[in-house]
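A, B, C and D label the chains in the order they appear, each numbered from 1.
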Amino acid sequence: MPVHAGICGATGAVGQRLIQLLEPHPEFEIAAVTASESSAGKRYRDAAKWRINAPIPERVGELTVRKTEPDEIPDDVDIIFSSLPSTVGKTVEPELCKQGYIVSSNSSNARTDPDVPLTVPEVNAQHLELLEIQREKRDWEGALVKNPNCSTITMVPPLAALEDAVGLERITVSTLQAVSGAGYSGVTSMEIIDNAIPHIGGEERKMETESRKLLGSYDGTGVEWLDARVEASCNRIPTIDGHLENVWVDTVEDVTVEAVKKAMRTYPPLDLYSSPEQLVHVFTDPDRPQPRLDRDRENGMAVAVGGIQETAGGLQFNCLAHNTMRGAAGASVLNGELLLEQGYL
Amino acid sequence: MPVHAGICGATGAVGQRLIQLLEPHPEFEIAAVTASESSAGKRYRDAAKWRINAPIPERVGELTVRKTEPDEIPDDVDIIFSSLPSTVGKTVEPELCKQGYIVSSNSSNARTDPDVPLTVPEVNAQHLELLEIQREKRDWEGALVKNPNCSTITMVPPLAALEDAVGLERITVSTLQAVSGAGYSGVTSMEIIDNAIPHIGGEERKMETESRKLLGSYDGTGVEWLDARVEASCNRIPTIDGHLENVWVDTVEDVTVEAVKKAMRTYPPLDLYSSPEQLVHVFTDPDRPQPRLDRDRENGMAVAVGGIQETAGGLQFNCLAHNTMRGAAGASVLNGELLLEQGYL
Amino acid sequence: MPVHAGICGATGAVGQRLIQLLEPHPEFEIAAVTASESSAGKRYRDAAKWRINAPIPERVGELTVRKTEPDEIPDDVDIIFSSLPSTVGKTVEPELCKQGYIVSSNSSNARTDPDVPLTVPEVNAQHLELLEIQREKRDWEGALVKNPNCSTITMVPPLAALEDAVGLERITVSTLQAVSGAGYSGVTSMEIIDNAIPHIGGEERKMETESRKLLGSYDGTGVEWLDARVEASCNRIPTIDGHLENVWVDTVEDVTVEAVKKAMRTYPPLDLYSSPEQLVHVFTDPDRPQPRLDRDRENGMAVAVGGIQETAGGLQFNCLAHNTMRGAAGASVLNGELLLEQGYL
Amino acid sequence: MPVHAGICGATGAVGQRLIQLLEPHPEFEIAAVTASESSAGKRYRDAAKWRINAPIPERVGELTVRKTEPDEIPDDVDIIFSSLPSTVGKTVEPELCKQGYIVSSNSSNARTDPDVPLTVPEVNAQHLELLEIQREKRDWEGALVKNPNCSTITMVPPLAALEDAVGLERITVSTLQAVSGAGYSGVTSMEIIDNAIPHIGGEERKMETESRKLLGSYDGTGVEWLDARVEASCNRIPTIDGHLENVWVDTVEDVTVEAVKKAMRTYPPLDLYSSPEQLVHVFTDPDRPQPRLDRDRENGMAVAVGGIQETAGGLQFNCLAHNTMRGAAGASVLNGELLLEQGYL
């Protein structure tokens, strides 16, 4: 029997992707959808400006949207997928956890809290053990798990393969990010047609901190962050979906392109329902990966890497992931699947 | 009396910009235009697919296009502006120099030859002294001067200000380049709409070598290249004009943002006809510079810088220049003006 | 001595263009700028998100933004250029007129009121005589003049030439409109990248009514609208500026392409300051006009026409105008110049 | 056992779509792929610049590309899907038919020949009976069947529903066409970013003729074309896939919006393998259909209609179809399925 799931922030860009992923999901069943006050009480079909290029799932379209408040969630809901604005998530998510709900959240609040697991299941599933500490410290029956920012997720799998193989000292990353990363109305057309914006408020800092936590090690009492220097510069460009990134790494040990390709290609996948068969797809054509051509690999859950070259201090490469699938909704769902597999649900 | 100028490769994207700049220029007069065999003999108006958003200058439209061969250039031409494909420039430019023409070239051939000045007039006008060596060694009456690749020019003025102020050790640069940099047919629409391409063949290498030559010092016998590590990653994005770049530098000495801003803002301009009043425009809004909004500053001849921040090893910043103006046609014209001022014409 | 001008709605996309046009204008001097309550009291530089690709004029940047209320306008202002949202214009503009201000408005309210002149000066300057009726009926010292919607203006000059030459019976028009027509935040990037929207709320109706009023005749007591059937379909596409339109007309008399070209090319221009030297630019290349290449002709104040062909019932053609220049801010300024020339100021 | 299929012109944009559709197809098996001389002899994987956002099918990638010549086609091939340039198709297709091959062609040559069926299976399958006449007249063992131009296909299904219901007198259509319709290199990025092109050479005429043939009636000796006036204006816009069209029709009988919706929604589908469950999807939201959101309905084989309104002479509506699926490769495959069902294979 599927686990009953609630979606908080269900009308936004990531919320729509959550619906697209969860409606046909064999392990979860969408039992409740919430949104802001102005949508509450409407049918989901009428409340959401549906913008995915497939029709709205029939059953979900008929659900009544609830207010995003803990008391509005039905009792038989076991897990909540949250894509709330961080200012809302900050207040609502802890209340939900207090009331006993398991929350898999894509919101940016609390991601670097010491007792909150920030997980990409294939990379650092062990960090989930933080939940013991979290529950004890916060006196929660529920639990709060976060997935990282979309631009962070994109580079973490190849970096994890490198950290395992040769150690990381310094990471410099420049991003070319799609407009969907800012939500449906985040970037106006006049801002971005024939243009690029060399700054995304807060994003650089998220990449610099979240990546170090994700690549850190859990020692039984907490996560020791990766001891490496990370510097990011984030750019918005006129693409719909798919974040592309140029990455330079100084490595601890020497490295060859062939060894790197092998380390990435053989990075162990999980067999969770949404996990791709191969986590990192490595291209040899230096023109790839490209957002429009490669973002949909393995239902948008793979990370694509190309342009691997040796440098004086280590190597450089490019990577790409679908920012609202692997980078947001898919990441939350995958965390939900991990929580289920590990018995939290 | 204006100097008679020829334009080789006059029908291409850069050739059209050369015409746009030279036709109203007080120091030069367009006396001849050349193109490939298929255009030769036609009126320029009929040979060129004019793509600038201003009408084709009346007089130039009526000129007969000549074949790109040294014998076809009229004797009264004194300077030739070349935007030939490098494979053609490689053969034709030396022949023109042998016959006595002064050639200001935007083509990529010969840029790193030890006896060929690669100049951005505001930055390294002194390198022009290489012409003595060039003429002696090659037994030329004419002379060959190059301007760098458009993506190199964009970052060199701010880097020159930094090199003067605090010394450069390591430069990492990621570019977001406009489609016009590849010429009129260089990037198809299917390649770039809703997309980005993380590689531009040869461009990374040009940035890594040309920047070190440009920032090097002339010691009376040749140019000693800047002793710094330069690593570039070049991306094509869906913008028409204007290359945007994210730059990280490790500096020799410590540096503050305020000192950097001052060094850039006070970088000495030239008073050549096409040189901007202020070479580097420094923005404080972190969202700027942006290609569509800032590429046209000072008739497309200024370089815009923003997002200056301190890092562990030095600093990072973003820069932008109009790739077919400051980065190509305008660069060649400026070199022509320098040659004129220094008495080579 | 220049006429003192106020700009209502000065921070929006059209307001910014008004500033760009009026600041260097020899006949007007910007004396006051107004915006919504949230901007009032700030320096214009801080209140406006300036998005024109030229720096903000120094003097205007320092002006203090006033609330959009009649009492806030200084007494020495003689003319007000209004680009208010129509819901605001509906209330504020009549009050301004009552207080004695001459208002040249781009807002859509009141455009089809029988006693309000809707003018494109080159086409129907005579309609200004409606002001006598307006002042008498409304007991105003001031006066209200409107320019039409940007998509209407684009097709009206070539249609006026045709109406004069052969008479119009039926007009069918399909538009490809730029995003700036919806204001700075009117179209999100997720709506329009790799996309088009086949409907612009209210726009089709505006084209159908305003064009008939504009092409109508003033008979001393009012404007008799053109007796023709007009049907429009309006589309938004991913262009920044410039509305392109496909037009079919059934004409009363027979017509030849050559006669049409002549009628359009010789359509009499005005010698107002902002009026183009030639109102209608006729292209013979069927690929033209194109938004990016042709919108800036004559400082964005010309209308470009191409693709003229005979059909069974008359002819078809394509036309283009810069929607925020000829189609909005420039149209309002031109109406201001006409009011000045005719002694209303 | 599947029918052996050859693909002529297999490396182009439509050829790639043919491979995408035929490789998993239960009724056909790709047995040979041909392309121009420069590709012949290479593995398909090396010859094609694969640009579909899914990996190249493994088996097809290993096929050796053959020259596009009748003698190069293996004997066991039964049907050939042709997406050759029309200049090549004109010569090669008749030779193939002479040698006994059944050819389902997307090329524009011969579409209006009186003895060549131009079919959209759901609309005019009966026209296939022309093959009797064709074989007799041309003395062919094989047969040549055409699908129409992509912009024609888009409007024909809704027009067919209208013709059946109320009769058509006059059709005016304006198109907003995607760049993929011009093939991989047909439109450069400099032509189309922030731009639109109001003319597509030959396309207007194709729409005007092909639609009348398609909607004509077969009387046992030939097709009597629809007696209606059709006028088209074709525009290229910056979309990747999906042609959007504004259509006005003058109808013979009166018509209501509700009756039209019903006629379109109930237009009888076929049960061929690639035929959509519902041929015409009717939207009530006037903002739809939109290319990016609606082109993929029913695997890109449905036609979407919206904005239906009554007019003085009949009605207007907007329609959309995926131009390389329903409009090209899918159309050819569907014709192949029809040929198979009717016993020609």
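Convention: contacts are C-beta pairs under 8 Å (C-beta built on N, C-alpha and C of every residue); 3 or more make two chains touch, one makes a residue touch a chain.
Since this is a predicted model, take the numbers as computed values, not measurements.
In terms of the distance between Cα centroids, chain A is separated most widely from C. Looking at B-C and A-C side by side, the one with more C-beta contacts is A-C. Mean C-alpha position of chain B lies 40 Å from that of chain C. Averaging C-alpha coordinates per chain places the centre of chain A 47 Å away from that of chain C.
Among the residues of chain B, those touching two or more other chains are numbered 51, 193-194, 238-240, 292-293. Every residue of chain A that touches chain B in the complex is listed here, in rising order: 172, 174, 176, 193-199, 201, 229, 231, 233, 235, 237-240, 244, 246, 248, 286-293, 306-307, 311-312, 316, 318. Looking at the complex, you find that chain D touches chain A at residues 51-55, 193-194, 240, 292-297.
Against chain A, the residues of chain C that register as touching in their complex are 13, 51, 179-180, 184-194, 238-240.
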